[in-house]
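Here chain A shows up in two complexes: once beside chain B, once beside chain C.
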Partner chain A sequence: MKRFAPLGLRTRLIAGFLLVAAISALTTAALAYREARSAVLRQTQDTAVASMRDVLDRRPIRLPYTRSTDLSAECRDIARLAKPHPWAVFAEYGTMRASSGNSGTSTVITPELRKAAHEAPRAVFQRVVKDGTPYLTFGMPAVMDYRGERIGTGAVFYGVMAMNTEQTTIDAMVLAARDGALPGLAISVIPALLAARSVLRPVRDMRRAARRMGEGRLDTRIEVKGRDELAELARTFNETAGALEASVQELQQAEARARRFAADVSHELRTPLAGMLAVTEVLDEDAARLDPDTAAAVRLVSAETGKLAHLVDDLMEISRFDARAAELHTDEVDMAETIAKTLERRHWLEQVHTDVPDGLRARLDPRRFDVVLANLVGNALRHGGGPVRIRVYAEARPGGPWLLTEVADSGPGIAPEVLPHIFDRFYKADAARTRSAGSGLGLAITLENVRLHGGTIRAANGPYGGAVFTVEMPWEART
Partner chain B sequence: MPRVLLIEDDPSVREGVGLGLRRRGHEVRAAETGEAGLQALAEFRPEIVLLDLMLPGMNGVQVCRRIRDTSQLPIIMLTARGDDFDIVVGLEAGADDYIVKPARTEVIEARIKAVLRRLSEPAGRPSVEFHGELAIDRAGLTVARNGERLPLAPSEIKLLLHLSASPEQVFSRQQLLEYVWDHSYHADARLVDACVRRLRTKIEDPEGSPRYVQTVRGFGYRFGPL
Partner chain C sequence: MTERTAGHPAEGAIRRLRRAWPAAAAAVLAAAAVAGCGSLPTRIQGTDVIEAGQPAVVTSDRPNGTLLFFIGENGRLTPALREGLFDSDDGNAEGGLIGGGGSESDSGYLLPVTFVMSRLLAGPADAERAAGLHTAVPFSPKGSEVKAEYTGRQLNVRFTFPVTELSATARAQLVCTAYHAGLRRPVTAVVLLGPDGETEPARCDETDG
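Now for the complex of A and B:
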């Protein structure tokens, strides 16, 4: 089913009001017109018929008419007494035809009228429109009184009266009805607008409130006015908003507690670790002089302390992202230089092939970009294997150029079932949950760092095997 | 080996760092509070101070300011990563560098060495150079303005010496982190910015824009042109 294009509530209300006003105006006008018109016509016709009757009754009729000139004279006499308008009189008597005018017969009188006039010894009439002019035609047999009985004489007189005056009156009535209806319709727009306003304002308030809620301002409420259905709706809206706000607040508090707990735990772990990490060297150096078991135990403690420190560091970092406390400190840097420095610091220059245009400068947070690249290249070297390729290039996009950094390895690639979880925290690809060299947070931190730059990161498998990570960031990261 | 004053309230850190540094041959005096640390200054006469920012009572930033009131002793802050605000405040208060806890002793010692390291002298230059109102004594590591000696912290004087050795050459903040602080290229550039701000308050005319250490937007800093 084809639906009409949706119109605004205001338009629909105004249209409805106009329709109702138009229908009532039209109906009233039509009924009044009909009644008035028939009253006007009836009055004219009653007057005409009655006056003709009267004339005929009062005149002594000298029957029989032997000459048509007598009949014509009779017609002219009757025509003189016409009421309420002049009329033309025609007469029939046997085969004789006469009229008050020049022509013997009328073109207006219909055969039906004549037939009816001949059959019934009483007045008959008919309204005829000829050439746009309305006529009242009436036939009246001349009767004589014979011992209280009215007996037809065989002579029938017809009156033809133009009803121009009546037509003018009726036309004036139509005009008056129209002229009255139009302002009525125009005025009906005012209550329509008022009604639309009284409906639309609460609807608009509610729409505005709903939008504010959508923007996250859950404390939005609507002012409830009156007791109608819209007020009920507003009240329901407020109750729903209140419930929503309460449950969101509860969730947020729970989440904040969980985050604060994670942050507090890592913070608390850090202080003892600071002491422990400072002395791992002492353990390492002296382990050689201890008996083998103690030496192994001491080395284990030393190595795991280092890993623990790394894990706690990553936990702190991720809790800062969660708490939205991570800050971006951007600088304009030479991309080739910044990438070379990342590789050089970790002694990866030999294993990594870079493809970076000379003189390419971008605005980013150098420390965070170093973390991103080191994580990706470190992963590629550990899981994929060399040679690892880094490609940096620019891409024009609506809103400005973007910086794309691709890190590809030559390993077996990433299993399809792992791909969707690759950036999850502590996600372990194999079920055995063996601990890798990293904290398990490396890629999660990478993702957060890229997001902080307003960018995205994608993991996929290259066309010739090997994992490909693509970092996409705006050319100028906004702080 | 330098004498190190360690001001740290946590016993395990105090003991661990002290143990590690002594093991490497440093003479370490540990103080539990800022007040105790300030008292130890005169008597112990350390060459460098390791200062924890989170101290009970008088906090690390206040201790740092108090030390800077009277001396240009090298100060390294001990902070926890994430206490970003503290780092900035500590650097503004006059610290020369910072170490994020937990750190291995080798890292701590590397920082100490970097702060105490003298920049290599450019050969064949007079020991005292004049740049505008500044007289820079490269051998004596002193700077005077209109004949009046300026109290510059070690990081400040090193930055000024490095920039003024190549007037009008632009150094990126990353390069300065490497050359002046021995940090990695990707380290926190706010170290440089804070040091530049401190240096400017001492050598520049407070009215008007900086003459000596100028910012080159998008690139970094340069000395002059005067």
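Now for the complex of A and C:
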């Protein structure tokens, strides 16, 4: 259900911290920078304009200016007292042009500034960038105080000041803001890591504990530290684990009790059955001399007693598997020889066709393999019908070769709805045929035996009909 | 998650939106921060023309001189201050003041106006001419009569030449010179009168400080 691979918690926390730190640092730095920058510029502008006004205010001049040298003298006087740093002074009067330097006119002063200075009798300034150098240009019209009235003289003085010093100051402020913000960002990684750690450690503990529980160690608990939400989660986890452990234990105990009961019952039945079997043997021998009705009854009792003994044997066998008391006694055997012995012992040699490579040797428990094969072949003969084929072959798999034993019959096969349950205990394929020759435990015991070898067993229907049972075991069964 | 709740398809979309919300917000914030920083100029930038307060107020080396308005080389009205009239140490001025004729009761106020106007009509002096000043008022022969009278605070100046045909600059010269000449102050308006009629009452707007 993952739409995209999300970033880890640690990455997200650090990214969040860095983002917040970056935004606050940048905002602070930007605001401070903007204020400082405009303060620097404003102060320079105000100082320059005010210093020119200071020089000109109440200065006695003779109108009209008749010589441009008079105007130049004023310019030089103004330039001498320039603040905050030297600037050039230009003056306009009529068509007269004068300056504190050698050139009569400035190339920096814009027509807009001159127009504004001439039209409104107010001081004006304009910042101009020319050839990459920022300049402050300002115009100061001179008005004359004449008997209490102000009369425009027509003279305008201009100041032109390069703002290189201010540019340097502003560059220094940018550098300072950056040098201040970057270490701040770097430092904010530390609390981010600490916060991530404090969150991630409990999460990691919990993941480990959950995995251990999944492996079956239900007694796993987490150390609960602190009072936060994660501690609460850990506490809940522990409570859940405790409840789970208790109920699993209860179930296991109940199952164990049930299995022990089955084992005990079959064990208790064995002793009287042994006595009964001995008696029925004697009765079988004498049956011929009894009258026919009594003989039939005696034979029935004898047969049923035999079946009962068989059932009890199977029950005991499966109880041993359940109690994990079954042991594997492996031996290296010749497969063809082992299979032939099994068939011969049960007089099946004529009904079964075998396909076993000569000299094929494998390591397995001969007694248990005999049980497996006998069960499968017996089943095939009983339910499927001949001819029955046994095929043994090897298969290369990762981790070593496997031994595959296939038992196929020529019967109608197994109904699809039966297949999943075929290895269940007491499962009858045909519900109507409740009394079959087998105990109902044959295939279950077969499965347990194969499992004991570390293998599996499959049941399927062959391509031309007939049931096919395939036993798969490692070539060398390990005990 | 959606499999378990098996909700309406729209719910899934809303949930996706909700999940995307914090990421989107963070992205917007980051973008805003970056944009904010990027927009901050590190170089000093040019500006428009900005007002920076009062002009410089100079004084004259002849604080009580006669103020006449001529036309500068740039075509603008340009003031010129001459010695005399209001200079207490100027004998000529006194003489001029006395010499001027006037029968009105407030002749003491009006004599300076007629005196100043006659000096304006005489045109720029040599030094003023050298500075590029000239006059737009038609030359008036010496002894040309100039009379002045007050109507309340309005100053009426009568000339012997026609005034309604005068150019705007010539009228401004006459109005401004008369405006600053009178002793009774302030004057609210100046009217120029001639044999052909009179002008609208005017103020000396060109030189308002």
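One rule holds for everything that comes next: the second predicted complex is superposed on the first by the 462 of 479 C-alpha atoms of A that agree within 3 Å, B and C clash if a C-alpha of one lies under 4 Å from a C-alpha of the other, contacts with A are read in each partner's own complex, and residues count from 1 in each chain.
Here is the rule we use: a contact is a pair of C-beta atoms (placed from the backbone, for glycine too) under 8 Å apart; a residue touches a chain by one contact, two chains touch by 3 or more.
What you are looking at is a predicted structure, and each value in this text was computed from that prediction instead of being measured.
Chemist: When the two structures are laid over each other on chain A, do chain B and chain C clash or fit?
Modeler: fit
Chemist: Looking at chain A, does chain B or chain C touch a larger number of its residues?
Modeler: C
Chemist: With the two complexes superposed on chain A, say which partner A:460 touches: chain B (first), chain C (second), both, or neither.
Modeler: neither
Chemist: Looking at the overlay, does A:270 come into contact with chain B only (first), chain C only (second), both, or neither?
Modeler: In the superposed model, A:270 contacts chain B only, not chain C.
Chemist: Using the touch definition from the top, say if A:317 reaches chain B (first), chain C (second), both or neither.
Modeler: It touches chain B, and chain C stays clear.
Chemist: Pick one for A:185: touches chain B only (first), chain C only (second), both, or neither.
Modeler: neither
Chemist: Give one of first, second, both or neither to describe whether A:32 is in contact with chain B, with chain C, with both, or with none.
Modeler: neither
Chemist: Once the two complexes are overlaid, how big is the angle at chain A between chain B and chain C (Cα centres, nearest 10°)?
Modeler: Computed from the C-alpha centres, it is 170 degrees.
Chemist: Answer with first, second, both or neither: which of chain B and chain C does A:278 touch in the superposed model?
Modeler: first
Chemist: Look across chain B and chain C in the superposition and give the shortest C-alpha distance you find, in Å.
Modeler: Closest C-alpha pair between chain B and chain C: 48 Å.
Chemist: Common interface residues of chain A with chain B and chain C?
Modeler: none
Chemist: Applying the document's contact rule, which stretches of chain B touch chain A when the two form their complex?
Modeler: 10-17, 19-20, 23, 80-82, 84, 101-106, 108, 172-174, 184-190, 218-219
Chemist: Using the touch definition up top, name the residues of chain A that touch chain B in the complex.
Modeler: 267, 270-282, 285, 306, 309, 312-313, 316-317, 319-320, 325, 327, 329, 331-334, 337-338, 341-342, 345, 361, 363, 366-367, 369-370
Chemist: Give every residue of chain A touching chain C within the complex, in rising order.
Modeler: Where chain A meets chain C, its residues are 1, 3, 16, 19, 22-23, 26-27, 29-30, 33-34, 41, 45-46, 49, 52-53, 56-67, 93-96, 110, 112-113, 116, 120-129, 134, 138, 140-154, 157, 163, 166-167, 170-171, 174.
Chemist: Which positions of chain C touch chain A when the two form their complex?
Modeler: Going by the criterion above, the answer is residues 1-3, 16, 26, 29-30, 33-34, 36-37, 40, 42-64, 67, 70, 72-74, 76-81, 86, 127-128, 130-133, 180, 185, 206-209.
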